[in-house]
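Per-chain residue numbering starts at 1, and chain names A, B, C, D and E are given in the order in which the chains are listed.
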Amino acid sequence: MFHKQHPPAGSRPGTLALPPDSPPPQIRVYQYSAESLAEHAIGKVDELVPFAASDLTTWVDVRGLGDEAVLRRLAEIFQIDPLALEDAVNLPQRAKSEAREHHQVIIARLPQVGEDGSIDTPQVCLLLGKHHLITFQERPLGAFDPVRERLRSGIGPIRSFGADYLAYALIDTVIDRYYPPAESLSNELEDLEDEIAERESPEALARLHDIRRQLVVLRRIGWPQREAITSLIRDQTPFVTDEVRSYLRDTQDHIAQIVELIDSCREMTVSLMDIHLSAVSQRTNEVMKVLTIVASIFIPLTFIAGVYGMNFEYMPELHRRGAYPMVIATMVAVAVGMVAWFWHRGWIGRGRRSGE
Amino acid sequence: MFHKQHPPAGSRPGTLALPPDSPPPQIRVYQYSAESLAEHAIGKVDELVPFAASDLTTWVDVRGLGDEAVLRRLAEIFQIDPLALEDAVNLPQRAKSEAREHHQVIIARLPQVGEDGSIDTPQVCLLLGKHHLITFQERPLGAFDPVRERLRSGIGPIRSFGADYLAYALIDTVIDRYYPPAESLSNELEDLEDEIAERESPEALARLHDIRRQLVVLRRIGWPQREAITSLIRDQTPFVTDEVRSYLRDTQDHIAQIVELIDSCREMTVSLMDIHLSAVSQRTNEVMKVLTIVASIFIPLTFIAGVYGMNFEYMPELHRRGAYPMVIATMVAVAVGMVAWFWHRGWIGRGRRSGE
Amino acid sequence: MFHKQHPPAGSRPGTLALPPDSPPPQIRVYQYSAESLAEHAIGKVDELVPFAASDLTTWVDVRGLGDEAVLRRLAEIFQIDPLALEDAVNLPQRAKSEAREHHQVIIARLPQVGEDGSIDTPQVCLLLGKHHLITFQERPLGAFDPVRERLRSGIGPIRSFGADYLAYALIDTVIDRYYPPAESLSNELEDLEDEIAERESPEALARLHDIRRQLVVLRRIGWPQREAITSLIRDQTPFVTDEVRSYLRDTQDHIAQIVELIDSCREMTVSLMDIHLSAVSQRTNEVMKVLTIVASIFIPLTFIAGVYGMNFEYMPELHRRGAYPMVIATMVAVAVGMVAWFWHRGWIGRGRRSGE
Amino acid sequence: MFHKQHPPAGSRPGTLALPPDSPPPQIRVYQYSAESLAEHAIGKVDELVPFAASDLTTWVDVRGLGDEAVLRRLAEIFQIDPLALEDAVNLPQRAKSEAREHHQVIIARLPQVGEDGSIDTPQVCLLLGKHHLITFQERPLGAFDPVRERLRSGIGPIRSFGADYLAYALIDTVIDRYYPPAESLSNELEDLEDEIAERESPEALARLHDIRRQLVVLRRIGWPQREAITSLIRDQTPFVTDEVRSYLRDTQDHIAQIVELIDSCREMTVSLMDIHLSAVSQRTNEVMKVLTIVASIFIPLTFIAGVYGMNFEYMPELHRRGAYPMVIATMVAVAVGMVAWFWHRGWIGRGRRSGE
Amino acid sequence: MFHKQHPPAGSRPGTLALPPDSPPPQIRVYQYSAESLAEHAIGKVDELVPFAASDLTTWVDVRGLGDEAVLRRLAEIFQIDPLALEDAVNLPQRAKSEAREHHQVIIARLPQVGEDGSIDTPQVCLLLGKHHLITFQERPLGAFDPVRERLRSGIGPIRSFGADYLAYALIDTVIDRYYPPAESLSNELEDLEDEIAERESPEALARLHDIRRQLVVLRRIGWPQREAITSLIRDQTPFVTDEVRSYLRDTQDHIAQIVELIDSCREMTVSLMDIHLSAVSQRTNEVMKVLTIVASIFIPLTFIAGVYGMNFEYMPELHRRGAYPMVIATMVAVAVGMVAWFWHRGWIGRGRRSGE
């Protein structure tokens, strides 16, 4: 449910706890203004030096965290202070937004639904400076691709704004990633409703528990995310302009909406569980009724038959002519009486109609 | 439970994600003062230009969002900034109130109960300027009709106030739309009580789950609505006068009352579910008692009969004259003893009285 | 559970939605100083004019809201602004305290337990001006009688203070009305405990659900009441002196105490419901044990008897002399073995002791 | 659960609602400095006059509230304003801390566990003036004895500080009284765990409900107590020095710790109730299994025996030599098959191991 | 669950309630700068005097609280005020951070999982002065060992910073101790899921309750820990520099993450308990079905056999040739009919597939 590869207790701060299976960093730089965009694949980290000094808006996109030397050199070039670097590469962390000397550090986590339905929550980090934005991903996640496309195509306002707008666009993209799993869980819940109420279905129960766990995971990353965006908007950080701040308010609404949807879903899972428990009880009740009806009718009859199966010498009834038909008639009367009583209590006929 | 036609993750802000099935906009303009009201159906969007410059109070009522060009031109005419326009037409959004440069953006959602009992929550958007109010509805909802009537009839203070009062009147009308579904759910819950306690009723259970879901939906839109109105009152927006603010306080009380009613109902659903579970258990208990009583009386008797049905040659009892009546007497004694014991335990007579 | 006679959605503010079955207003005026009290029954509303101008402390007590003309004229005489008047006569409203130009508007609701145990929550409204207090009741509720008596008798400080103290005294009286239902529910819960644990009692379950609903109603009116009094104390309204404010703090403690008592009771209802469910399960378990013991003992015996009731020609046992006693001995042995095993498992004897 | 002897609704403030069964006040005065302590038993209330004017630290300890005249005279002597006096003697009140003109009024309630396990919550009131502290107890509670001892012995800093430190010492003593019941409930819960999981034990269930109720009572007094101490620390009251304030912070931690312990216990009661319900269900399941196994094995066998007990003339099997052994063999085969199937399903052997 | 060795109620503040089984203090001093580190084992407490005056960063590490005289002398040397000393040695206390005259007092508690799975929560106290840090542990806990190693090795920034950074490093180490138990509980929960859904397993239930209790304990210490760190960051204490404050923000995120993980786990335990209850009910249902099927098929057949086992003289069927085969055929028909009906209801075949 939660696996943290945190460094051993008490390891010194300043340690970079690089994720062990992270690929070596691929670095791409995008430098743009309203008119143009230059895209560079960086081979050696020192090629970044000229970009750090530039006044053009610059996006340094780092995918993979597998080489400490590269990361440290990059930090040096862009004056990233050690704690900010740690935040960027140590994971998993709580979503947050924090001002450092030269950067606003923004940590976000996005949900990724695996093929087996498990939810992975990789982390992205944005370091927002005055003119540049540096992003780190544990491994290539594809989360930023739509923004990359918009940058390249130059459609929309993205290239007219500075690095803060780019950061906003990326955060917004990350938050949008919460919708699909939340909505798919919501839909699954609706599907489960019919299944649970109508049939015996242990699979449905297992699925319900699964949905519950996924909702718990989503909420655990979604809630700090909401706080992080709220604090990014509210704190008077110099790295974000008022205009971009009002864009972020929209993103804030989105994550609020998602958290509310998740909470609604959680409430529905409780209701469904109640339905399930009630359905099982109801079915047991039905089973018991069948047994009770069958047994209550035939056990007394069997007893009557048993009486006249006794081998006493002196049983006058046995020798009467009409005795046999009379006993059969009594049996029928008892059976009919039982059935009538069960019908009266609603266990037969009426009961079955409402009970099925 | 929740279907958002949000644009694909990472689509650029500034994109209008027009709802795909929205009809083309019908625009009506109402321009009024205390003395007069002029109503115009707008054919071409450019006819709006003179209204934008007017100092008279003007209401531009847009129903249908199906034409991006029209909406963009309208935004230009009334100096609606792009984010405000997006808020107006992208849906569904969270209820909110936000100040932009030339407008206060107010988003509200109203519950509409469908014929099948499902709750739809269409969105309306109000852009409140200094002298004008522009409203957007996804499709003609009829939500504003009562206010339109009041405007036309000129009764009451509505035409003596400015655009902010009109906005208040519309918001108040929207909030009043929450009462009918909330109250009808509350009434249904009361009806369910008798049904659940008295009869086996799987329909009641399904209905209960349904009510629960509707309450969850109502609360999910009602809660942000409350926040939105609170922030509209509290924030020092220049678009709303103090007088209208005190009117809004009344609306705030209404939505608070609704949310509290919804929460009460949710608590009652939990109680009803408990009652239901208890009733099912109780009924199973009743069924079991019948079986136990019948079986406990007749199984021992049948055994006795079985003993004397054995075919041993040397069973002296079989040949005694009084044996048969004595066995019958024993059986009666056993049966009476059993019944007495069950009566003593309260399963017969006393038990049935309290158990039904 | 909640019936609001709110005006139709979108009706114009300023409409008075007079409760349809409210009697015509009876107006009494009490004008007093420390030394004297003058009490007037008002026949025509214009007789109120001289009181409005007086500097003596004046209480205008309006019971019944059945005549709009009278109410509007009264509002005119005492400079009640339209929204305040609406607050006073439209109901039910949420408890609140709000400052208007000439009055502090205070809405309170008091619980009235009907003969059938249902809780009604009529509303009273206090409009507190500088020197006068106007109170409105939907119908004569008797809620203010004790204060009226104190005024008349002149005992205690009530006549030495101004209108704000009178308002405090009335609010305090209203809040005191919450104690009896809250305490009686609390006592009923204690009585239910024994009943639920000891006996099958569907009535107890129904009663428990009923208490739960009443607690929900009490809490729904009690919680806003608490907020309203808190805001009356905290807001810097000019109509309430600091001295009276410190009296109100006491009232605030009372309503807090009541809300806490209600919450405690709600928690106990949950516990009682658990007890009930557990008791039903336990009883089913007992019933099953009886059946199982009886059936497990006699079914095998019946089988043995059945074997020797078979009519095969070649069954050597049937012709042996000692066979019958031996079979009976075997049966006894089986029965004793079964009983011993059940005793060992604690289902007989030991089990019955703890299970009853 | 909660019995308030509040005055009738609407009784005038300023009324002293003396607890009816309170003994007449015993008054003791302690006047001390770092060097000395003078202790006086007061016979007539006017003997207190000289103490009121003294600059020495003075503690007036009033036990019993049974004489209104004495209390009113005492209030006069020490300039206790009427509301403060009411707070001191009307009970039960919510724990609180409030500044009056000449005194800080502090109300606390302490839990007293009766011999029958019920929790009583008597109230103590502290009126803290500049140089004196007046304490009221409904009846002699013994709650202050440890502090009295410390005063007399002169050990520790208590006599070097002023009246505010004395007040702190008394409050701290009161809060320490919460530990024993909270801890004893916590211990009882641990004992119940084994009992509930292992045995049928209706007593355990009753005990659990009892613990739950006691926790609810403790929390209802503990929570306002926490608030009261917090507000005593935070409010800038002139009666408490900064130094004593930092002592109080310790007391605040204690009550917070207690409330957290109570909440933990409440959570454990829920878990235990679940365990109990599960255990009852499990036991019913076990009972059913025994019945099902016995019945499923013997009912078919009895049927077979029944078939060959029929008296048809033409049943060729009856006359075959080997028929009887063959039928017996068949019966054994059926029984073995049944047992094997139950063993396969885990109801026999494997099932019993895990099921017991 | 919670055992406090608090001093008897009302014992004087200033009392040191030394834990009775605490070993005598072992004191070690670490004095360091970026370049060097001196480590001293202190035999007699007066050897500490020179360190108190030094301007070098000094860490006084006290393990064991078993000698009051030593602790009092130490307090004198380092100007620890009495309340701070009490905080350090009286236990268990709530985690907190509080400014005193010469020290910031920080109390933390760390979870230690015993071999039997119980969670112990020993306390550590940090007194942070301008140039020195004094730490107290009830007994040698090993919690600080990693930091000690870092100090000795001189790797990382730890020796370049002052005492506040050292305090941070120690707190961070303590918080890291929360991860292992929280994560192990989270993992255990995942393991339990399969066990609970698939098998009858009372051990699983007991384990679940155990996990629940451990989560409750973890949360009870974790939550105040979070508050304490938040207040350490937020309060403007002069003992912590802004730089270290930003390091602490990281620690704050960690404890927030832990608390959120714990809450998620608690939610999953509720879900698992539901699953368990549902599984038991489901199994009872299965058992009942088997019984019902067997009994419903064979009881009627036995009755038929019983009828023809009666000994009436005049039963014409008994003498017909084909009667026996016809009765057998009837029996088969009844049995097949029953089976078909059960199959139709899904209790056989289809039912078993989904029901297992």
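Here is the rule we use: contacts are C-beta pairs under 8 Å (C-beta built on N, C-alpha and C of every residue); 3 or more make two chains touch, one makes a residue touch a chain.
All values derive from a computational prediction rather than experimental measurement.
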Label-sorted list of chains bordering both chain C and chain D is none
Chain E reached from chain C - shortest hop count over touching chains:
2
Fitting on CA atoms only, what is the rotation between the copies chain B and chain D? Please report it in degrees, nearest 5.
145
Interface sides of chain A and chain B: same vs different residues, half threshold:
different
Rounded to the nearest Å, the gap between Cα centres of chain A and chain D is 39
How far is the middle of chain B from the middle of chain C, if each middle is the mean of its Cα atoms, in Å?
24
For chain A, residues contacting two or more additional chains
277, 281, 284, 288, 291, 295, 299, 302, 306, 309-311, 315
Looking at which chains touch, is this a line, ring, star, complete or other?
ring
Beginning the circuit at chain A and going via chain B, which chains come one after another?
A, B, C, D, E
Enumerate the contact residues on chain A facing chain B in the complex.
144-147, 150, 155-158, 168-169, 172-173, 176-177, 179-180, 183, 186-187, 189-190, 193, 197, 246-247, 249-250, 253, 256-257, 260-261, 264-265, 267-268, 271-272, 274-275, 277-278, 281-282, 284-285, 288-289, 291-292, 295-296, 299-300, 302-303, 306-307, 309-315, 346-347, 351, 354-355
Which residues, counting only chain C, touch chain B once they are in their complex?
1-4, 6, 8-15, 82-83, 86-87, 93-94, 96, 98, 100, 199-203, 205-206, 209, 212-213, 216-217, 219-220, 223-224, 269, 273, 276-277, 280-281, 283-284, 287-288, 290-291, 294-295, 298-299, 301-302, 305-306, 308-311, 315, 317-321, 323-324, 327-328, 331
